[in-house]
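Two complexes, one shared chain (chain A), two partners (chain B, chain C).
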Partner chain A sequence: MNFQIATLLGQDGLTNGAIYALLALSILLVFTVTRILLIPLGEFVTFGALTMAAMQMGKTPKLEWLLLGLVLIDCALDIYQQIKRHIDRNKMKMVALKLGYAVIIIALLNNLSLSEIPMIAQIALTLCLIVPIGPIIYRLFFQPLADAPALVLLIVSIALHVTMVGVGLLLFGPEGARTQPFSDTGFRLGAVLLKSQTLWVILVSIFLIVALFIAFERTLYGKALRATAVNRMGARLQGISPIFAGKATFALAAFIGSASGILIAPITTLYYDSGFIISLKGFVGAIIGGLVSYPIAAIGAVAVGMIEAFSMFWASNYKEIIVFTLIIPFLIWRSMNSHNVEDDE
Partner chain B sequence: MTSKKVISALLLSSSLLTPLANADIKIGVVSSTTGPIALVGIPQKNTIPLLPTSAGGEKITYISLDDGSDPTATVKAFKKLIDEEHVDAIIGPSGSGNAMGVIQFAAESGTPMLAPVGTAAVVLPMTEQKKWVFKTTQNDDLIAKALVEQMKATGIKTIGLIGTADPYGENWAKVMKDLTQKAGIQIVANEQFQRQDTSMTGQGLKILMANPDAVLIAAPGSSSVMPQTTLKDQGYSGKIYQTHGAALDPFLRLGGKAVEGTILAASSMLVLDEVPDSPSKEIATKYIADYKKLYGEAPATFGANVLDAGLLLENAIPSALKSGKPGSAEFRSALRDALEKTKEMPATQGVYNMTAEDHSGFDERGRVLITVKNGKWTLLK
Partner chain C sequence: MTQATEKNLLDISDLHVAYGKVEALTGIDLTLKEGNLVTVIGPNGAGKTTLLSAIMGILPSKGTIHFNGQDFICPNVETLVGHGLGLVPEKRELFSTMSVQDNLLLGAFQRYRRGDKSYDQTLNEIYKLFPRLWERRQQQAGTLSGGERQMLAIGRAMMSKPKLLMLDEPSLGLAPLITREIFRIFADLRSQGVSILLVEQNARAALKVADYAYVLEGGQIAMQGPAAELANDPKVIEAYLGLASKHQELLSS
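And now, the complex of A and B:
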């Protein structure tokens, strides 16, 4: 191994690591605020990538029907609850807004020539399509059992993952897809060619991480989410709605997931079922951070990416084993260092 | 309570009556329309409506089951078809691993099994159990021979291998080891990857360091694209060979400029317009046209493998009918014997000549050398 190979592998590891870091952060965020381990996060990654790919092929992404279906169920439930209690004008307005949003998005998707609009518009449309699915999923599947034990939430989460993989197969088909890179140029750094997409991934990841940090440190909403993460009951007594907190974190997770998918789609072929392995590696990062510490989780996720890249070079057939075995020493170390607090079981 | 009894009585009587009341020939089809190999299974299931509907004056009914790419589910599906539906033959399953697991059940019950799978291990080496299995795809070594001959003719001395870490890639590595040794070609690098891997930089670099004259990528479906784009990005300038696993249109779409000039050997289905007229060409052209009419897109080769299984059965059924009634063990056994005697039968993939030893039955008419030129499959001349 010489310097050039080491830089190439390092660059590769850093790119993947940046994505794993983003996913690790959203897994952590969702877990601390709602106690849900978000297994379906990987599906948001593939949905984002495959929707983008469908648009670039000039097809209307079928995901619009999933959005429409979920919005309709959501609104029907809203209206049902309104009728059962009392009609609240503001809430009815919200229902109309949600329906209107879905209709506008679908109208846009069907009337624009998707493959010709600028890439930034494609990205915006993809995000507009996928991000609302996050909070609706929270509302439909997790909100009714928000106080259930963490184990129940985990099981629902797994069920949701399996369902979403199946939906992915229905909507996108079994073929893998790839998208065009954001820009075609490459940069030469000494003897090493840096692909511009790699820089995009790293820059956008850093930007998102910094933006998240600022949002959580400086804004009221961010502070509310942090308060919920620290103490759910305490936050509730301060007037922070746990429903809002849940929906907000799911929206953020859906956003980060689909953004990650859009970022890596030009580098790699993604299939409808690729998401799980990707998010699992983010999960390893989150575990390294003990499911509490954001900076350690991010560093851990980058380390996972690096180890993956180098083990791919040394022993390509044992790559996954090496990466996932990594979790064991950390679990042992964590369990030796932590005081065992029985949470809610 | 009574209603339950009535229902169970009805169910019981209906299950007893079925084999008698229904003298049609029953064929089970097991495909993986969901799960990791759905890519293979979906065109196979889509082909069922195009299969022959009668043979030897008897109506054929098809019973289709999905195994979700899961070998355990394949076993369940086979048992259901054999024990409950009393099928006369089974077409499927889609995956190589899935097929290996059900051979014993097909053999125990004496049901012919026509496997449209890639690996030659289902029919080779021939055993007492594998006598019941027929394979409707070209054996890897038939395709590999064509590639190695081409390599030898163009003066290639060293090659690198990149394969998937599954039975497909592993069998190719094995086949190539034998063939290259004979041809005096040296394998200087052998790397593996997983279908879902998001990056192949490491494997690519290893190949680059070994700097072989050519690289062979052995991966099924669209997973064959990423090794090639990675190598091109890293500046590899040698020839790149692919296996028949890559012979699908998404390969061209996903690969774009990076797959230009790739050489592969596969059935003539991809370059039908350029091959000379033959009965196979006629059948394949008709199949593609019918499939397009039904689904609006051209079928992947995997679907044609199922069609061939149907044609083999259609060809064998008339002589088997002489020995027994559909649904009986005698009929199934006679069907197996008749399948083994298939001679010079043209189908989409080539011409079948089965023998007691060769249950795949292809010769060099089953494959052509293809290259990618201007983003299209072209016959290599």
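And now, the complex of A and C:
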């Protein structure tokens, strides 16, 4: 291995690592606030990438039907619950708003010539299409189980993952897809050519990580989410609803997932079922952080990306095995060092 | 005459709460007039904490709870907080890994959400009331002393500017001087028009600041009346005050 290959591999490793770090953070976020291991996170990645690809090919992404279907079920449930108890004007307004939103998005998707609008508009549309799916999924599948044991939540999460992979196959078909890079220029750094998309991925990831950090440490809404994770009853007594917290974190996870998909789609060909293995690597990062520490999870995820890239060079057939075996020494180390975390008071 | 025009802020009738098959409260009737300080005293295990939890919507209950002109049937906690009910629970439920200041700010979450920006002022008032919290504002809540935690829990509840503040044994574990201070704060709050429902073991102090009092025994209201009258009731003196005064005499002798 010479320096040039090493920088190339390092570049790949860093790009993937940045994405894994983003995913690790959203897995952590969802886990600490809701106790749910968000296994379907990877599906948001593929949905994001494949929706972008469909738009760039000038096709209307069929994902719109998923959004419409989920919004309809959600609104029907809202109305049913209100009829059973009492009709609340504000909630009815919300129902109308949600339906209106879905209709507007679908109208936009069907009337714009999607392949010709600027890429930034394609990205915005993709996010507007996918992000609302997160909170609706929380509402339909997890909100009724808020007090269920963690194992039940895990099983539902796995079931949801399998279903969403199936939905992905149905809506996007079995072909893989790649999108155009955000910009075409390459840079020369000494002897190596840096791909511009690499820079995009790294910059956007760093931006998102910093933004998340600021949102969580500095804003009252972020603090409210953290508070829910620290003491659920305490949070409820301040009027912070765990349902609100769950929906907000799922929206964030859907956003980060689909944004990651959009970011890597120009670098890797993604298929309807590629998401799982990607989010699993983010999960390895989260495990390294012990499912509690955000900075360690982010560093761990970048390390996963690096190890993956370099094992590709030395033992490309074993790259996944090497990455996932990595989790074992960390788990052992963690379990030896962990002193049982005591419950609050 | 003004008494008659005061409306009932809280009106509970025939409240039943059960843990599984065991009934912890059997038919409680309780009213609280706007601007009043009402205290509930009673022995350990009488159901005082249960009563507050049921009013707050933490525990499911049977019976009617009428608060601030509205009937609430199986309401959830957050809705009630939004309607101006605040609770300092017996277990305090602080955000132990967050700073004192963050704990207080989160108390104003509902106000912040409604777009009420005046919570900074309330924060300053609370720091003025509890200078201890100001000194420790960057410290993690979990590392506070027992008494400081009580102050934080009370301060956090006050941050939401509730219409009715319910407190579960706020003087628990506090030094006598601070206890006196806290009861003075309740009297102040009451004179500012905040209604308070106070559950206390410290019956003497509670009866002194309260307008009206209930004695809860075995899940039922055993006695009730204006606080000043109850404080002179021989049965109350014997069960809740007499012992304490004897105890104090013993201590001082």
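Basically, the second predicted complex is superposed on the first by the 339 of 345 C-alpha atoms of A that agree within 3 Å, B and C clash if a C-alpha of one lies under 4 Å from a C-alpha of the other, contacts with A are read in each partner's own complex, and residues count from 1 in each chain.
Just so it is clear, contacts are C-beta pairs under 8 Å (C-beta built on N, C-alpha and C of every residue); 3 or more make two chains touch, one makes a residue touch a chain.
Keep in mind that this is a model prediction, so the values were computed, not measured.
Three-chain overlay on chain A, with chain B and chain C fitting side by side and no clash. Judged by the touch definition given at the top, the superposed model places A:Leu169 against chain B, while chain C stays out of reach. When the shared chain is aligned, chain C comes close enough to touch A:Lys223, but chain B does not. In the superposition on chain A, A:Ile267 makes contact with chain B only, not with chain C.
Contacts of A:Ser115 after superposition on the shared chain: neither chain B nor chain C is touched. More residues of chain A lie in touch with B than with the remaining chain of the pair chain B and chain C. When both complexes are overlaid on chain A, the residue A:Gly234 reaches chain C alone and has no touch with chain B.
Seen from the C-alpha centre of chain A, the directions to the centres of chain B and chain C diverge by 150°, a value given as a multiple of 10 for the model superposed on chain A.
Of the two partner chains, neither chain B nor chain C is touched by A:Thr185.
Of the two partner chains placed around the shared chain by superposition, neither chain B nor chain C is touched by A:Thr325.
Taken over all C-alpha pairs, chain B and chain C come no nearer than 39 Å in the superposed arrangement. On chain A, the patch touched by chain B and the patch touched by chain C do not overlap at any residue.
On the chain A side of its complex with chain C, the touching residues are 220, 223-224, 226-227, 230-231, 233-241, 344-345. Those residues of chain C that touch chain A in the complex are listed here as 56, 58, 76-78, 81-82, 86-87, 89, 91-98, 102, 105-107, 109-110, 112-113, 142, 156-157, 160.
Against chain B, the residues of chain A that register as touching in their complex are 5, 8-9, 12, 15-16, 166, 169, 173-178, 193, 195, 264, 267-271, 273-274, 277-278, 308-314, 316-317, 319-320.
By the touch criterion given at the top, residues 34-36, 38-39, 41-42, 165, 191-203, 205-206, 209, 221-223, 225-226, 233-235, 250, 254 of chain B touch chain A in their complex.
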